[in-house]
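These are the structures in question, set out in turn.
What follows is subunit A paired twice: with subunit B in the first complex and subunit C in the second.
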Partner chain A sequence: MQLIEQRPENRRRLHLAMATLGLLGLAAERPAAADDGTKNWTFDSGLLYYKEGGGRVQAIEPVVNAAIDLGNDRTLTAGFVIDSLSGATPNGAAPAAAPQTFAQPSGKGKTYTIAPGATPLDHTFEDTRFAVDLGYLFPLSSNGHLGVGLSGSKEYDFTSVGANTHYTLDLNQKNTTLSAGAAFEYDSSDPVGGIPLPLTMMVNAVKAGGSSKSKNVKDILLGVTQVLGPRGLLQFNYSLSLSNGYETDPYKILSVVDSNAVPQYYVYEKRPDTRVKNALFAEYKRFVFDRDVVDFSYRYFTDSWGVRAHTADLSYRWNFAQRKSLEPSVRFYTQTAADFYHAALFTGQDATVDNASADPRLGAFNAWTGGLRYGQVLANGHELSVRVEYYKQFGKVAGVPQQAATALSQFNLAPDLSAINVSFGYRFNW
Partner chain B sequence: MKLGLIPILFLTAALSACSSVAVKPWQRGILARADMQLDAHPIQSQFDDHIYFSKEAASGGRGFGGGGCGCN
Partner chain C sequence: MTKQRKIRVETAHGGDLAGRFEAMASPCEVLADGAGESEIAELTALVAEEVWRIERHWSRYLQGNVVDRINTAQGKAVKVDDETSRFLNYAQHLYEMSDGLFDVTSGVLRGVWRFDGSDNIPKPEEVEAVLPLVGWSIVSWKPPLLQMKPGMQIDFGGIGKEYAVDRALGLAALKTERPILVNCGGDLAANGPHLDGQPWVVGIDSHIPGTATPVIHLLRGGVASSGDAHRFLLKDGVRYPHILNPKTGWPVVGGPRVVTVAGSICTEAGVLSTLALLHGPQADEFLKELEADSQVIW
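The block that comes next holds the complex of A and B.
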């Protein structure tokens, strides 16, 4: 359902990073044992456990990525992900002074009731996602490499297939690497209970919008990586994403309230059928004190929906022993609300707006992440790691209809969200 | 305003740190370290992307920025 987005782009990003680094002569990810000529396979595996506070979403996600060195600078990769989610997620309605009852998405007449003043959460959220990808990286010339890939994923109500390619070119004795990539993806959404008609009243979960909707996503990525002396690296990327089709979340609704903030009815949300996303990204990495590594990255994001976001990430890897490290990290994120974000609509407003969503992910908030990672290379060359992170969103109230602002101010319209995650990693050659 | 300064400060600091940009092949020992890769922990980056894409509106930059599910 809404949260199943271990997207193929993540895999593509990884492959592109591998290709870029390989060309820079930097891809020394394999332990020395890989040089004996017999261990051509690299397995990189991990397990994520994610849990939100307040009984909201939790997820368990095992991942295995395999790469085989085919010789002559050619690499074949394959990845597999299972993603199992359950818990409660906001349905988009605003809190109210009286109990609120909603139809479950299945449309089978089942309902759930929310206590007065509480954020309406749909507790029926549950899904499992399977994703696979394949990639092949090979040299086109002495300085250029081409990578091609395919990806696919399937969950109960969503199917995605994609293809991607990227080219990297080394210049200046491999001190500079230029990269360019493109990707295409086709997504099909088949929501539980069918597609609702957008901005129509939610009545007994009748959904007359058909059973399936789709969208296409086209991506472009341009990048340059520059070696800055023997101890430093700098990367700049620009990414452009054009998405066309069904962008709406079929499970999200909005409250339509009167001036006393009493919900009169609820409508299904509606988003524009195109979205253009732009991101500028920079990362700087430096070896310090002849022992440790500092990594800083920054991203500026803007899209055609009116969202602007800044992301800053800082980590310090302390190599306190020859094969052991501790890595604290901190991340700050802030976003503005989408133009069509509404905490609620005022009576009649649903007939005049082109688009409307109360999805908190399109609202305004700041977020902080703090993490600590422990890594160790074992005597057999295998690498293991464990990381714990705490994430917290601080909601900012936005999109409140003026006519009901006073009455709505008694409720928490932008609740905070906290989550903890623990992840394990294990990598070895075989 | 303050956030807008971050990339400028960052770039200035980074560029001023490189007195000799051109690195010869025999000077790549440190750059070849596993912990000096731009994405040193691919699996954990994959988990991060998953979490943040699920919970935030922004995506892309480090890699491709679009696509995915009907969720965001």
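The block that comes next holds the complex of A and C.
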């Protein structure tokens, strides 16, 4: 027996219903609803642990997000994140048949040496990032809400400040929601040892590019969410991002090789000083078996650097007990390489290219992610969750200079990468 | 009669906190989605106060309350309060709608019928003797004045508990945004589904050994059950349940053992389940006619 909203046609039943409502008389005795002034805090806390295979980057990230209900539909939010990263990250140079020695970014004569055939990794990579954000959401009308926010983050060599706003409008008895948002961000990069001159030889940390570079990013987001009956939800988002300024990674280099794939020297990378990103996102959620939720999403991404990416994500939330759920998920991601991605440059090519980068994140690859999340609402109403994800990236070789292609083919220029991601979440009211 | 007037916060099955107390001879339970211990205690206190208030107000066993004053008036008119007045109006409506089957004056019949599981059927003349003291039609009800023949009694037991569940839920819902479920001995009501949209899953104990417990998925509204497997008389193979037809003074034989009804509110569900039992073998037809969402155990 499942109780559904019923509107009896039967006259006897209608009379009974009316008489019963009269008996209860609650409507007449209901005290006027008053805002009793109690504030309701909600905290979302989490701890994320990320570890790449092969002794590469690992990160520990505690997160706290707080929201306070100020009443009258107004909400104040604040978030705080600490990112602590350490490990080894590819410096951009290609593997070589002989040992390669590189100067550490800080200079001071410190070096590290890479074994023959190995992907050059900078083991000195270590960073701690602090990020905060503040937001305020309030109604503009009975159907419209405006949110405004400020954000900032700080690493020892990177500072970012931003402001954002978004507007949502509920239509059609909240079955349709339109949203529009805009954000501005200013980033300042102060790399250790100064800014290198791009596409110049990396020689004992001579860096004449100045001490600080900046960029600004403008984002626009448009979205529509449509409720499809009592069980389905469809969402579309479009986002446009315009970035101007210093886009280059001051720590990344490229190998300049001869036809035998022997590195002649190394040059600092250079990226265009503008980047326009477009992304389309569609998500469909459906409540199934009166119990579970299926969530499918797809995202298409393209930018002015020539990167095209597709992401497909499928998850199934199995509410196997009243307050417990298991959510397996699988994600596929594929991207093409940026136009200026080069696994290495051929001798002299560094003088002819406008831009060049060997950053694997701008290369071509496919990636699969499999995850499992367990969530439980505890007896005290707090929510606990644990998520484990395994990520496997399959590199695709791209940007190999023809003159050295044969010789370079002996090396793995696009190594696979695996990572494990464990996160704990705890949500509570106060 | 001394009663434990206290509430407890306990962990219900499924790990949620439940506020519990005893009222109207039943275990009562309050669930509030996601509420912590102090909040559930506060809500339960509110619910319990209301249920206990109604119990005190209309208990047949408490001297000096309005029901006691009516039942001991010895033919004099009694002026009743607003809430009792609404209840008597409702009782009158039910009497008319059920063609006299639902009658708040039928309580005196319990003086001759003792449903203790034995075979002590009263003699027909004993039943005959009290019948003149039964019948809403011979009562003078001119709100707020109620006047009855000496010896007549009224009894709100049939729907008092369901009414208390609805009232208490309504009061608690003013205190919190959380979805709440109030359950008194299987008569229950919820003001909305769980925050995640899931229905409340409630097992209805039929008290019949060997019978599967019906499980109800309740998004919002009320559920009530009538019938009691342990209160009957058995003589010459005939089972006389404690459901008495006020027109004949005799139990309604051949009807279901338990009727569970879901409705928009608990009181309505309780009325429908009680009336279904009074229809005896025609219970199913009655429930169908009234389009009641129901489950019947025969």
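The rule we apply is simple: the second predicted complex is superposed on the first by the 391 of 430 C-alpha atoms of A that agree within 3 Å, B and C clash if a C-alpha of one lies under 4 Å from a C-alpha of the other, contacts with A are read in each partner's own complex, and residues count from 1 in each chain.
Just so we're on the same page, a residue touches a chain if its C-beta (ideal position, glycine included) is under 8 Å from a C-beta of that chain, and two chains touch if they have at least 3 such contacts.
Since the structure is predicted, the reported quantities are computational estimates derived from the model, not experimental observations.
In the superposition on chain A, contact is made by A:N319 with both subunit B and subunit C. In the superposed model, A:N429 makes contact with subunit C only, not with subunit B. Of the two partner chains placed by the overlay, only subunit B lies in contact with A:N65; subunit C stays clear of it. In the superposed model, A:F287 lies in contact with both subunit B and subunit C. If you count the residues of subunit A touched by subunit B and by subunit C, you find the higher number for B. In the superposition on chain A, contact of A:R361 is made with subunit B only, not with subunit C. Of the two partner chains placed around the shared chain by superposition, subunit C is the only one that A:A379 touches, whereas subunit B remains out of contact.
Look at A:A183: by the touch rule set out above, it reaches subunit B but stays clear of subunit C.
Once the two complexes are overlaid on chain A, the subunit A residues touched by subunit B in the first and by subunit C in the second are 1-4, 6, 8-10, 12-13, 16-17, 20-21, 24-26, 287, 319. Against subunit B, in their complex, subunit A makes its touches with residues 1-14, 16-18, 20-21, 24-29, 44-46, 48, 50, 61, 63, 65, 83, 155, 158, 160, 162, 164, 172-175, 181, 183, 185, 187, 189, 191, 213, 215, 217-219, 221, 225-235, 237, 239-243, 246-250, 275, 277-287, 293, 295-301, 303, 305, 307, 309-312, 317, 319, 325, 333-335, 338, 361-362, 367, 373, 385, 387, 391, 393, 417, 419, 421, 423, 425, 427.
Contacts from subunit A toward subunit C in the complex involve residues 1-4, 6, 8-10, 12-13, 15-17, 19-26, 30-31, 33, 287, 290-291, 319, 321-323, 376-381, 429. Across the complex, subunit B meets subunit A through its residues 3, 6-7, 10-11, 13-15, 17-25, 27-47, 49-72.
On the subunit C side of its complex with subunit A, the touching residues are 11, 14-17, 33-37, 83, 86-87, 89-90, 93-94, 97, 163, 166-167, 170, 174, 194, 196-199, 201, 214, 216-221, 223, 260, 262-265, 267-268, 271-272, 289-295.
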